[in-house]
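I am attaching a structure below and will ask some questions about it afterwards.
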């Protein structure tokens, strides 16, 4: 039936829920206590590796990779994975426990879709195994990078190599102790047609000339162990076979990267918002103020009702996006992709905001995950392009479709 | 597939779309020109009856009645009807063209579900044929009627009759020239348990003692030809067999009335909002201000993008409600029913508000349907109970479910 | 002291408050019952003239006209009048009782500032006496009139006359039985510099060629007795001496018209919002729902607190605007003028919206003034130019001032 | 004149503006680079002490203390200081440069108002000199502390001493290397009338039994060097003469502490919001996206216009609060005090949020002060009591005043 989960998905989701209950929630805050402590900068908390091992042993691993990527995919469609992704994301860092975290998720998909067998063997397999991590280097400090045609970083052919010069920032995961490569987007031919100038190339991060200038805070957080780096690339030479798909195909790759990635990204906020709502519901039954439990105050009831309705709507939107992607591909789903980008982080931020108020002083500090979720969701109204860019694109497409439906 | 319409529904919806294009949109504003003119108070515009006839002849008739109501139902499930209801509602008055308008819709369902064969023969059949219309009398001016246990109107047994005394208001459709009956909810036993005091009874409106005191404006509109009446009932005697289902079952009936009715009601706002969005998209491509089309202004693009995302989310929520109602019945769908009530009218009002701004002076007057939609959607944040009541209920239930999931 | 009213103003305001209590509130709803009844279209309710007489006798008359307009002004500064205007506006129609209503208010100021002695004798004096009423014809249906340079209505010199051809709409007050003239803005020289094309001229409404095509609804209301008209002007000949100030000065006059007018306009919404808040406070102490007075529900308390804070902030903004206008003139106050236009109608609409919800069914019908205030404030987010136009202007000026303060 | 600053204030404010330009803005980000670096935890940046010295030498020192506190006050009224406080707060940490920062500001006022000459000599004078710093310990982790009658920390008389046992958190400034004392609020008589149970006492932080358990993050920030601490007090003995004002006077002191403090606190957000607006205006003229400067996009213009109107309204509200406090004292100003608490932090957070979007990736990291302002303003929707508590209080008082004006 339409809005009902299949038995297969119910079973798998239940398995993940059990894993979360048994192994993840007990460490929920411990993770942040470790990663927010600067003494532990760029390291994983000690319990983490065992947890990943446990998930891998349980077979909850790489489920994000759609069925089309045989043989690496465990075989779920986007629509099947979406409700599971929600559960995995209720504790944001748990995504990595299941090898389903950004930016590796997107990088693995790029390599699975566009990589040569050699590239896949060299980089994709260890990523899928969880042995290494990766970064994605696109945004540049000097230009409005949400318009990818503005990019300035140069990738110049020089014999059997490409030589890269430029500066990137918001290169997420670059500080990760296991990070071995970044996918980098830059300009191979500045004179080509606007969307054929860019290429994407694999850059091992230990290549001479790669310099991590500094970490960037995301609303006060280092987001350790992965972090976000500003990276200077000076005469960085990489073998020509590191280029993905061919010169001038960078824009196409970037678009493809946004396919499943975008709805998974959105579903993450549904899970996080649902987690905030759960915590809020718990809180308001326990806390008494001015003579009655918070749960008895209509303003609290309304905040909870609004949150539930907003979460549910966003969840359905993401499911529709995933389903459309399965049926019509990225192009058919592009309006959904825009919509979930606009809706999901803002929705989660709003729900976290309400939860925060219900917790008072406890809600803004490290004693709940709410402040982390609040910051992450706010951050993501900018990451992957400010909301405003996506709203303008969706607005223009909507006008085009409504006024001349045949054109759509 | 999950979010795709079946071929059957696509075909039927296309049929309705064609009918709307050919027969309804050409009269869209003419209807209001007639009904807003006090010289025509409580009459239908001349073209209306022919239009209904045409729809009936085309077989687009009573589709709202779910498949369970054999033999009257044309056989659609709630989930199948929902996307069609959206199209029908893009012009609010068109619902009646297809015999799918409130409050008759709900009344017909009550009679189909709970009526005796005699009640069905006498009242339901002519309603289904479109020969007569009906009103629903529940709200009372003296009490907070969103809490139905507050009702005061008395229904007293007296031999073979019931005698009714009380005052109702917001009795919609009572001025309709074809209105022959109202379903009235009142108190049969004030000493019974709180939810067993009320009963529902059929009152022919020509019964002595029924006095329509005055019409009520809904945000400035008479909503002719049906209108909203304040009704005084003084010693109104109706045969005992007019009671529906039995004494003390009024609350149960009122709940049942809200089943399909509530999601159909919500879907109405999706259709109306979509209509506003279409008009806005058209407008902004045609209007130039300060040197460029409105369509080129980012603030307009964002308004359109937000509207689209809000409409789509609400649409999915209503579809999920309809589907859940098909699968689990009203009780299983009650959280969805609360959510759509909270979300849909407010969403439509917001979208209409943005459309209005894009039209300037034209948007607030009779030259578009936007002001009508704006008023109707605002009105419905109160009709059927203020948003706040539904938010408190949903909030309390959500707390209960989240804190003790086993109870849900 | 800074934020304290002077004794003079306190005394005058108290006088108006007393008048309102004794003479206006008792008729508050009766006015609308009359004017919303189409049988009384374009007529004043019977009690109205006596009420105006009473106000005039009490000397509460024309207080809007700033002290600079000797000998007609009663001598109040803008800053002194503002808090009194608030009280007068708590019942919107009461402004006319005190001869302080739009559009006459603005027209009188134009004539007082720019008129010749003959124009003043012929038109201003009877307006100040309340013997006649006037309309203002600027907006045109065919163009985005918020950009006044778009206007197309022609005013052509022909010997001792001007001949006018064009179409106007939203010509407010044109249906008023006492309306004798309109101030009309049109194009005298289409080849002049953009802001020197327009002129303003006095058009007696009984001039041949003036045809009122139809009334316009404002969100469902005729706004009788003044109404809003669409007006066709065909070869309308008026004496050359009816031109105000000279050819090409129309833009300048329109700007001047917006001076005190704009803050008075804004203060109107403060008064109306305060009225809604009073009614809401009364309501919530009287109404019991789900076991407690509405006043005990935190959601209601928050709505009231938010409303109070928003009203107070807007009030202070309007007072600052009035004070700045007194000290620095319109040019010095132009940012304030933009701000109050953006803030005041929207604030009032929001406060009315909350009040409406607290009243339930009673709040949307004719039993309170809330629906009228709701419609009027919504209408005024478009009247005098959509909010968006003013926001763009203010935004651009703000950027200019902040980035290069010397330029401001 | 009403809304114009006096020449005295203009001169002083200009002096502060000059100081900010010359000495503070050049260090604006450097401060955060230092304090956000965990290697420098609980230390001041090296330049800070010289800056304070410079401000003190310039005589810009302790201006927050109202004229009534002779001889320590420099003699400004609240209304005079308010516009200066705004300028000082444009860089939040600059308040301390001028010895006008929380929580010392409030503590100094408490000691100046209620302290004995000995208490003043021992603690107030060094605070006024800037030689030491202080903390304020009121909130407790176990109870809803916004309702001060819930406090549980015990202050028990024992001969010439009081013995304190309890746990506090959000004890701001406790980590400050110069912090020597905290003012602590606790219960002296649990059986007294509800508002007479609490007392306030001076606790030197080196008293045995005072244990700082851990620092609390405020939305991810340590807020070094002052920080926020969770503090365990175990049999902490302080001399009886450390009690302020007398047993049972704690509630009264807490109220008094909120007088000038509350509007100064609010004005801080006006300054911070204004700073964000300036940065945003600068940004949008420099950044080009999709073919035009951000400044040319209407959505940006509207965001700036809305921000300006909101800032200006809040500024006027705070000025009105300060002026009313000067004229009528805290009791007369209590509604204003509630309003500014509700309005100011939320307004600033909203303005910072818009600014953040306009900066893209730069706006969420350490390259502007926006993320710091965003976090601080969000934090303060909870600090000093969640908005909701203040809205309920204001709502209830408003109902009381509107319904029975004589009672107000």
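Think of it as A, B, C and D in the order they're written, each chain with its own count starting at 1.
Rule of thumb we're sticking to: a contact is a pair of C-beta atoms (placed from the backbone, for glycine too) under 8 Å apart; a residue touches a chain by one contact, two chains touch by 3 or more.
Keep in mind that what you see is a predicted model, and the values were worked out from it rather than measured.
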For this session: Have a look at where chain B meets chain D and say same if over half of the interface residue numbers show up on both copies, different if under half do.
Result: same
For this session: For the sequence-identical pair chain A and chain B, determine the rotation angle of the Cα superposition and round it to the nearest 5 degrees.
Result: 180
Problem set entry | Contact-richer chain pair (by C-beta pairs counted) among A-D and C-D | C-D
Problem set entry | chain C and chain D, separation of their C-alpha mean positions in angstrom | 42
For this session: Compute the distance, rounded to whole Å, between the mean C-alpha positions of chain B and chain D.
Result: 52
For this session: With chain centres taken as the means of their Cα atoms, state the distance from chain A to chain D in Å.
Result: 37
Problem set entry | Sites on chain D at which at least two other chains make contact | 298-302, 388, 392
Seminar exercise, completed: Contacts from chain B onto chain C in the complex sit at residues 36-39, 139, 141, 144-147, 150, 169-170, 216-221, 228, 287-290, 299, 356-357, 360-366, 371-372, 374-375, 378-379, 381-383, 386-389, 392
Problem set entry | Residue numbers on chain A that touch chain C, as the complex places them | 297-302
Problem set entry | Complex contact set, residues of chain B against chain A | 1-4, 79, 277-278, 281-282, 284-285, 295, 298, 300-306, 308-309, 312-314, 316-317, 319-320, 323-324, 326-327, 335, 338-339, 342-343, 388, 390-396, 398-399, 402-403
